[in-house]
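Same chain, two partners: subunit A is paired with subunit B first, then with subunit C.
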Partner chain A sequence: MKSTMKRHHVVAIASSVTLALSLAACGSDTPEKPEGSGTGTGTASGDCAAYESYGDLSGKTVTVYTSIVAPEDQPHIDSYKPFEECTGASIKYEGSKEFETQLQVRLKAGNAPDIAYIPQPGLLKTIVGQFPDSIVEASAGTSANVDKYYAASWKGYGTVDGKFYAAPLGANVKSFVWYSPSMFADNGYEIPKTYDELIALSDKIVADHGAEGIKPWCAGIGSGEATGWPATDWLEDLVLREAGIDVYNKWITNEVKFNDPQIAAALGKVGAILKNDKYVNGGIGDVKSIATTEFQDGGLPILDGNCFMHRQASFYAANWPEGTDVSEEGDVFAFYFPGMTADSRPVLGGGEFVAAFADRPEVAAFQAYLSSPEWANAKAKATPAGGWVSANSGLDPENLVSPIDKLSFSLLSDTSQDFGFDASDLMPGNVGAGSFWTEMTSWIAENKSDTQVLDAIQASWK
Partner chain B sequence: MSTITESAASPATPEPSNFEKLDMRADKARVTLGSRVASVVAIVIAVLWTIPTLGLFITSFRPEADIKKSGWWTWFTNFNTTIDNYVEVLTGSRFELSTFFVNSIVITLPAVIIPITLALLAAYAFAWIDFKGRNILFVAVFALQVVPIQVTLIPLLTQYVKWGLAGSFWTVWLSHSIFALPLAIFLLHNFMKEIPRELVEAARVDGAGHVKIFFQVLMPLLVPAIASFAIFQFLWVWNDLLVALTFAGGDQNVAPLTVRVAELAGTRGQAWYLLSAGAFVSMVVPVIVFLALQRYFVRGLLAGSVKG
Partner chain C sequence: MEWLKQADTTGEKFLLMFVAIALFVLVMGVILFVVDRISRPPKWVLVLGFMGPALIGLAFGLVYPALTTVKASFYDANGETFVGADNYVTAFTEDSFQQVLGNTLAWTLLVPILSTVIGLVYAVLVDRTRVEKFAKTLMFMPMAISMVGASIIWKFMYEYKAVIEGLAPERQPAQIGLLNQVLIWLGLEPQQFLLNGPWNNLFLMIVMIWIQSGFAMTILSAAIKAIPDDTMEAARLDGAGGMRLFTSITIPSVRPALVVVLTTIAMSTLKVFDIVRTMTGGNFGTGVIANEFYTQSFKQANYGLGSALAVILFIFVVPLIVYNVFQMRKSEEMR
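Let's look at the complex of A and B:
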């Protein structure tokens, strides 16, 4: 019922736009298109000034294909409304969890969607390599928006071989440690500001609560075929902190090898937490249980008071059971995974990218809209439950609802600090979505040694 | 091994023929399987087989936090029950579940009727009409069964896109029909062949043509075979995700129930606790169909398997 009403609404608007246009065309022989569309749509939704450059797209349809499914898809669909109302175009949304496979099947069969949200730059590279005739370079409007509102590095992630294909869409911050504010307050614990403080806090928790079987850390790296990715995020976060952004970026291109001493040092630091039986795995089991615990469940022992800290991205907010208060004073919240010193706060993050597979004007306009501040703000407003943030500098933080999203945005928009894009997403598929995952899993599950793991990943890099 | 030592130990007794040996062994098997021990074993296997389903059933009624934290067996000591999962599965999507139900039915019925209709006609021709190259053609059709459907997905989709069918129900109907036909023709052909030639010849002597023979002589005899294949095909199409996902996609106009169930868990799998309830919702219709048609099923399963 709800959806049919919405559809009628859109249809009504679309037809009223066409009607207004045709009336305007009948009234005067000189076609005044911009004015006609301005008055026709002005009544529909307040301010359409920002949308005038897209022109009149009534009767045009753009299909969007994404990996985002219910319930997270509704905010996306809602965020297209201002565009639909102002330009008259209609957007057809389709989400599938099988997106990564199905997109390639559809491209191969010539059944490409107009717009696709690519979750990893690595996949974008694959698609550009395999289907150079299907993918279309980003429209001029998109490119201009990205230059204006995004840091230069973000444009780089959407660029393959010097050609800019895909504009950044959403972003997430991975450098977070989830904790229970009330448990910290009850024990008089402070949020650590440096890595050393974090370790000191962990030791203090072991001293205070070790006897009760409560441990400082809990973790889970299980994720079906992708088991191991949360462990790769751990290593990435520590490479970023230990070795710095330059080494980090060289590590992505394999200029710095996996078995480089700097990477080994970072892995040693991860091991000091994840492979320390005193530290893990609060409320779940021993070190090995990390490998068998689904990442969705990895942080839940915090709610029972069996575990104090869980390092996971901002999107983990959606994994707390319904009714959990996610805020600074609430049941759970996250603090920034501290750097080596209080002043160095590098951020690890990821995001998805918008690629176009058709060069029709309405597709170009829609792609440009998705990279504009209008969209970012519309999306923020359409996401009442939170759990979404963008690196678009035109995004007004006031529109973000949840405290964790505000915190993420403040980290993302702090240009004085280094931002590292998820390394495993940028590495070649057989490493970033292959050996890196599996070797990190055996590092935990089979207690494989640091050097063996790093050598094995390096060996798989061809 | 044992037969060799046996025959070596007692050379005096006359050697039983191969057929007699087989008969004796079959008799032994019949007695063993019919005994009480066998019944107990069968019951134990049945219970073991059902336990996961029972666990799934209990899980589907447990609250989210319980599902995520403990196994279903802890339910026996901690009776927390809720129907929230079912409510969420039935109403949680931006489209009503009934949309997907209707889509599933719209997909399944033609995808069952089309191949059976075509296969009946083809099987009749293969069984009772003499034409040149009949055997070669039959073997070719039979051999098509070995083509795995996965290798046909992309070429078929390319073809549908060229014909402008992509995104409609036709893609799913045609694909399911194509994949079902070889087995359907083979099964129905064998069944038709079993019908005594005299019956068909008598009808022919009485002046019946192919149409009359097909409808009035063969059809009434074919009901069990048709029903059993219909169940097979119904269950296969109803439970199919691969074909529906590839050809119909996630578009709510054509996507069946399985596509919705596959997406229940959410983008990052955070709602996986809904899957058990989703499984039971999608199971309802196949179970009804199976129970309604099961008396044909056992009879029909034997169709074409033994010639006697």
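Let's look at the complex of A and C:
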């Protein structure tokens, strides 16, 4: 007991000395680049020039509340270090698995955090509607950063009723199909460039391997009380391809109804894969088994060679067992879920947003920092295992370590193509996190018809 | 003394807890001490002294939230605009909610009856046998497991892995669910126990029955032991056999205990939430009121509808409580 106490003291003293030293370095007129910067911890860079505009924030504390818990929280905490060292502010990080409900409880109780990472724009809208006096509009610095480094659409997701509240933080790409490069090579399969090629490949896999019980697709939509969300992503990807970005964006606001023929056509295309007993559910079972398979397990049959393809977002990279080589020549990798033609490459994605609930200078400065390229690069360096990417155009792709993150970033930064933000995250909560999930689950589990499902979701939109 | 307002570490939180408990003991002690010191106090001082703290606690912890819930059930999702009985109309007319109400009804009918029957038969069968203590312990053990724990255990029992046609045996997914492995041993197809309705509701209820029969068995066994030996003997002399003894002597004698067991289990069944949330999350047509009310209130931020469901649940429970209290009074009078 005593020895641990002592060790804590030593660590505390050591870190405060380091802090004091680095502060001194920041204060000097000619900040010297510390030797060997960019190696070691990687995040603690001595160059504070970019942080001067934030001013001296010594002794100030900013609290951050997020849904990101261990082990993914450490890279976030590490990414604040340059800010803390250069401005003197300290950031208090708190992650909770019950974030979505607890944030609203805390706001109701008047116990708001300074900064919160909101994972869905729909939730942001709810919060602005219910707690207009608690949430603070984005600081001027934040707004300037977002204008400079993000596509205009990203600013739109953080805007409610014409007021800009929350800046984008991380991003993910959902239009990916995971596959095994070696299995494809062994069978002489090529990565499909169009949707038709994808279906042709699926049929070829059925013809080649159907008799052995191996199927082209595997999927799982189980996710506890959020069961069904992977199926909504499927529909979103197909609406984006089949009907285009304009219809997609109108669908989000319900200008285009759920039971519109264009949405029904897209759902029909999803059904042609997910409800086709010849195509699914490789290595797991029949169509219905999709509903009871946890989404984390949905793609694993690829590793056993029982299934060829699994459509899931970039963050699925974290679900492969330890030691799996995720790269173009490795055990598994992902290809872009093809568009209708080789030239149309719309991307479906998502992300989280930074909202402030306090009007203090240090909070404004920290919110601005999180939207800056300095932060994006610090975060990339602080995430040695990969699995993180941002839509910030100031992010240097060289700082991203994993091949899948690089691929995600190249898709996100290709401004010539349409980007569709996860529709269910933008819809009102009772649809986007309610009937849309549950009805898509019934669609698979209870074999509800396309029309029944779309009518039921539309009926819940009030 | 910053930790009094904002306890951060575990140590501080524990300290804060002890301070709060000490404070409570102190306040209660002072009140009781003062009341005790007044010689020949007027009745209202006594009533206030002893019942006051409890009443204040009830008023803040139970009555006030109940009233705000009832109020919220007549307002929209944000609690801003008055919508009349709209939330109740939704709850009773929409297909998905009708199914939830129907499931709740099935739970409240089947679980208490089956648990009580199993508990009663078991109690009679092991009564005065050599293995009685051991057999009762076995039956009672599930009571010690939390609902979530039991649900996870049974989720593994029901776990489904398909036998995939055409796939080589060594590449088949491994069966990890006991029940499906038994089916395979018997030469049958594995089943999706938690998916295929309406039977999946029954498989969820089995978890609750598994837990509650132990409770029924304990109470009923005590009641059976209280039946006077001479009554039994007299019945035997009159020529009653095992079955006749059971229906004409045992059941009428333990009737008050039966009613208490039935109503108590019915009340806990109405509130069932953990099992459904853990095992299916209310999907596949297995939703019940308590789960749906949580989903509406906290997940979808639809406080109006959530509150309406809570009020409906409350209305369902009230007659059971009234009946239970009434029965307990009656059996006390008989004594």
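Please note the rule applied: the second predicted complex is superposed on the first by the 417 of 462 C-alpha atoms of A that agree within 3 Å, B and C clash if a C-alpha of one lies under 4 Å from a C-alpha of the other, contacts with A are read in each partner's own complex, and residues count from 1 in each chain.
The rule is simple: a contact is a pair of C-beta atoms (placed from the backbone, for glycine too) under 8 Å apart; a residue touches a chain by one contact, two chains touch by 3 or more.
In this text, all values refer to a predicted model and were calculated from it rather than measured experimentally.
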| item | value |
| --- | --- |
| Overlay on subunit A: subunit C relative to subunit B, clash or fit | clash |
| First (subunit B), second (subunit C), both or neither touched by A:I284 | second |
| Touched partner set for A:E294, first subunit B, second subunit C, both or neither | first |
| Subunit B versus subunit C as contact partner of A:G162, first or second or both or neither | neither |
| First, second, both or neither for A:A109, with subunit B first and subunit C second | first |
| Touching partner for A:G210 - first (subunit B), second (subunit C), both, neither | second |
| Which superposed partner A:S96 touches (first subunit B, second subunit C, both, neither) | first |
| Among 55-63, 163-171 or 235-243 on subunit B, the segment whose C-alpha atoms clash with subunit C after superposition | 163-171 |
| Overlapping contact positions on subunit A, where the subunit C interface meets the subunit B interface | 224, 304 |
| Subunit B residues within the subunit A interface of the complex | 64-65, 68-69, 92-96, 153-154, 157-158, 160-162, 166, 245-246, 249-251, 259, 262-263, 265-272 |
| Interfacial residue positions of subunit C with respect to subunit A in the complex | 77-78, 95-96, 160-162, 164-168, 171, 173, 192, 194-197, 277, 281-285, 295, 298-302 |
| Touching residues on subunit A, where the partner in the complex is subunit B | 1-3, 67-74, 77, 92, 94-98, 102, 105-106, 108-111, 223-224, 294, 296-297, 300, 304, 315, 318-319, 321-322 |
| Subunit A - residues contacting subunit C, complex | 100-101, 104, 126, 129-130, 210-214, 224-225, 227-228, 283-286, 288-289, 291-292, 301, 304-306, 429-430, 433-434, 438, 441-442, 445-446, 456 |
